[in-house]
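Please read the structure below before turning to the comments.
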Amino acid sequence: MSNIIKEFNDYRSRMNDAILADNNKIIKRIFNLDTNAFSEGALDVKTKELLGLVASTVLRCDDCIKYHLQSCHEAGLSKAEVVEALSISTLVGGTIVIPHLRRAYEFWDALEAQN
Amino acid sequence: MSNIIKEFNDYRSRMNDAILADNNKIIKRIFNLDTNAFSEGALDVKTKELLGLVASTVLRCDDCIKYHLQSCHEAGLSKAEVVEALSISTLVGGTIVIPHLRRAYEFWDALEAQN
Amino acid sequence: MSNIIKEFNDYRSRMNDAILADNNKIIKRIFNLDTNAFSEGALDVKTKELLGLVASTVLRCDDCIKYHLQSCHEAGLSKAEVVEALSISTLVGGTIVIPHLRRAYEFWDALEAQN
Amino acid sequence: MSNIIKEFNDYRSRMNDAILADNNKIIKRIFNLDTNAFSEGALDVKTKELLGLVASTVLRCDDCIKYHLQSCHEAGLSKAEVVEALSISTLVGGTIVIPHLRRAYEFWDALEAQN
Amino acid sequence: MSNIIKEFNDYRSRMNDAILADNNKIIKRIFNLDTNAFSEGALDVKTKELLGLVASTVLRCDDCIKYHLQSCHEAGLSKAEVVEALSISTLVGGTIVIPHLRRAYEFWDALEAQN
Amino acid sequence: MSNIIKEFNDYRSRMNDAILADNNKIIKRIFNLDTNAFSEGALDVKTKELLGLVASTVLRCDDCIKYHLQSCHEAGLSKAEVVEALSISTLVGGTIVIPHLRRAYEFWDALEAQN
């Protein structure tokens, strides 16, 4: 697995474990909701992952972008589809989003390279 | 046409006209990009409108939410689909989004009522 | 009851009812979490309401500010305590917070006037 | 004086008076800093007012935008200069800024009309 | 002292010194206000530090979170109290806050470990 | 060239190339607009660069701050002018901006040191 992917996932799992072990009820339920919200419903998983990606991008959260890029990749979305979602994010969110776009491209390329 | 819809659209058209008449090149091009970004490409129009709705909701812009709710409605999206997009927005964006959710429900109901 | 308080509460209840009647599982759970998160735990209710107020103020959400001002008032917090929380919010959030501070003062005065 | 200008200024003065009468030391000092920060220094007043306008616009605060539009107008800035600052704000801040741009144009036109 | 704590504090002091040496009056006064705003008043220091932590967390500023976690720790707040403040922040600010929550847990554990 | 400047510019060029090679029409046009928006018009280049710097600072985007600091430096703006723009950003944006101010000072000093 590529370095930037592995580093991201290792830190994420390790700290998620620490947070959930701490047993705060509100935080645990928010984590659960997160799983539920992105499973198939009126909208399919691909669409929901794109929604998560756009929300993360306009709010400019690199870790959230990486997480949703990874799920988009697993859900079988193509680069063209992902990039269109990112282009809408950059238009709505402004050029302030561009540095996050750079890191998103880098991460997506790492995801494709590891196959 | 319902009052809150008509009011929103009238003010929006009137001021968009004033802005475009002013002829600032950067602003005009951003307006053009907005039209292009939401037309069919690798993603279809319905998906793109949902992406626009989520971006608007997590960034908490009532007018942008109204605009995309209207386009979602015209594109034939169901309330269930729109509400799922709003639920993801509320989860990612937090309870700070709830006041905008209230106004989104009100506007959507007005859109359905006018048919 | 003062006008701005009554208007706020009426619209809030009416639209919350519409949202909850719609029965989206994610949104309903977020509403439930909201009730749980502000009840007594390691921190008492007064402290938690001040935390909710500060979060709402730095994120510049007028309706959320009003809601937490009301709960602060009901929890028996004094104006001096509430204003100190608002002053920290203005310092951390910047002068961009000042318009919300104006509306917060107006709403708090209405809350005190109605007793 | 035009209605939207008068309404804005009346509410602003009335609530600023209420806030300053309350005598919270932190808030009073922040209000003082605000006056100092925009007076002539290494940068002239016109440039500083444009900086205040751009900060207010990308942070999407209508009242702050109105305040700085008014000061820009008093400082003798032309519509072309103000609109260029707004165009940079819309590009950096994204299309989410457009609803604020509409209200900014409306307010500026009111400022010009009252002369 | 743990690495992440020492690194944070060293860079912070070094750059604060550089900023204050530069002698910009507005910036110096903002730094002073910061000290005043968090000292005992109508609210005690513990409550104020929690307010600072929540403001920093919903605004998603890692360095500000670290700074207030450190002050919370020095003020004698327990992990349970701090985590409740963080849970409110995550609920109000949304899941976009979670990456900052991870880093907050890591930093708090480092603070506890160094005793 | 100093390390932090070189690192920033190398990564930026490399990823901008990757983004532009990808040929998404919306993103390419946004990149073009960025060049146009900051060239001389009703406002001169120096003023526009300060506007870009303030927008980047209140929106708390380190990479955008670095980019505009570099352009400010190239446009011949003095440290005193740049710091006044940063002081307005810190006042309007709040103490949450301070960590970005630290990194801005560090980057500016690197820019001056490399001459």
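Per-chain numbering from 1; labels A, B, C, D, E and F assigned in written order.
As a convention for this text, a residue touches a chain if its C-beta (ideal position, glycine included) is under 8 Å from a C-beta of that chain, and two chains touch if they have at least 3 such contacts.
Everything numeric in this text was worked out from a predicted model, so none of it was measured.
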item	value
Set of chains adjacent to subunit A and to subunit F	B, C, D, E
Chains touching both subunit B and subunit E	A, C, D, F
Repeat of the A-F interface, chosen from B-E, B-F or A-E (over half of contact pairs identical by residue number)	A-E
Interface with more contacting C-beta pairs, comparing D-E to A-B	A-B
Proportion of interface numbers common to subunit D and subunit F (over half same, under half different)	same
Angle of the C-alpha superposing rotation, subunit A to subunit E, to the nearest 5 degrees	120
Whole-Å gap separating subunit B and subunit C, where each centre is the average of the chain's CA atoms	27
Distance between the centres, which are taken as Cα means, of subunit E and subunit C, whole angstrom	23
Separation of subunit A from subunit C, taking each centre as the mean of its C-alpha atoms, in whole Å	31
Multi-chain contact sites of subunit A, meaning residues that touch two or more partners	26, 30, 33-34, 37, 55-56, 58-59, 64, 83-84, 87-88, 90-93, 95-96
Chain contact topology (line, ring, star, complete or other)	complete
Footprint of subunit A on subunit B - complex, ascending	30, 33-34, 37-38, 41-43, 47-48, 50-52, 54-56, 58-59, 64, 78, 80-81, 83-85, 87-89, 91-93
Of subunit F, residues touching subunit E in the complex	60, 79, 83-84, 86-88, 90-91, 95-96, 98-99, 101-103, 105-106, 109
Footprint of subunit C on subunit A - complex, ascending	25-26, 29-30, 33, 36-37
Interface residues, subunit C side, partner subunit F - complex	58, 90-97
Residue numbers on subunit C that touch subunit B, as the complex places them	11-12, 15-16, 18-19, 22, 24, 26-27, 30-31, 33-34, 55-56, 59, 61-64
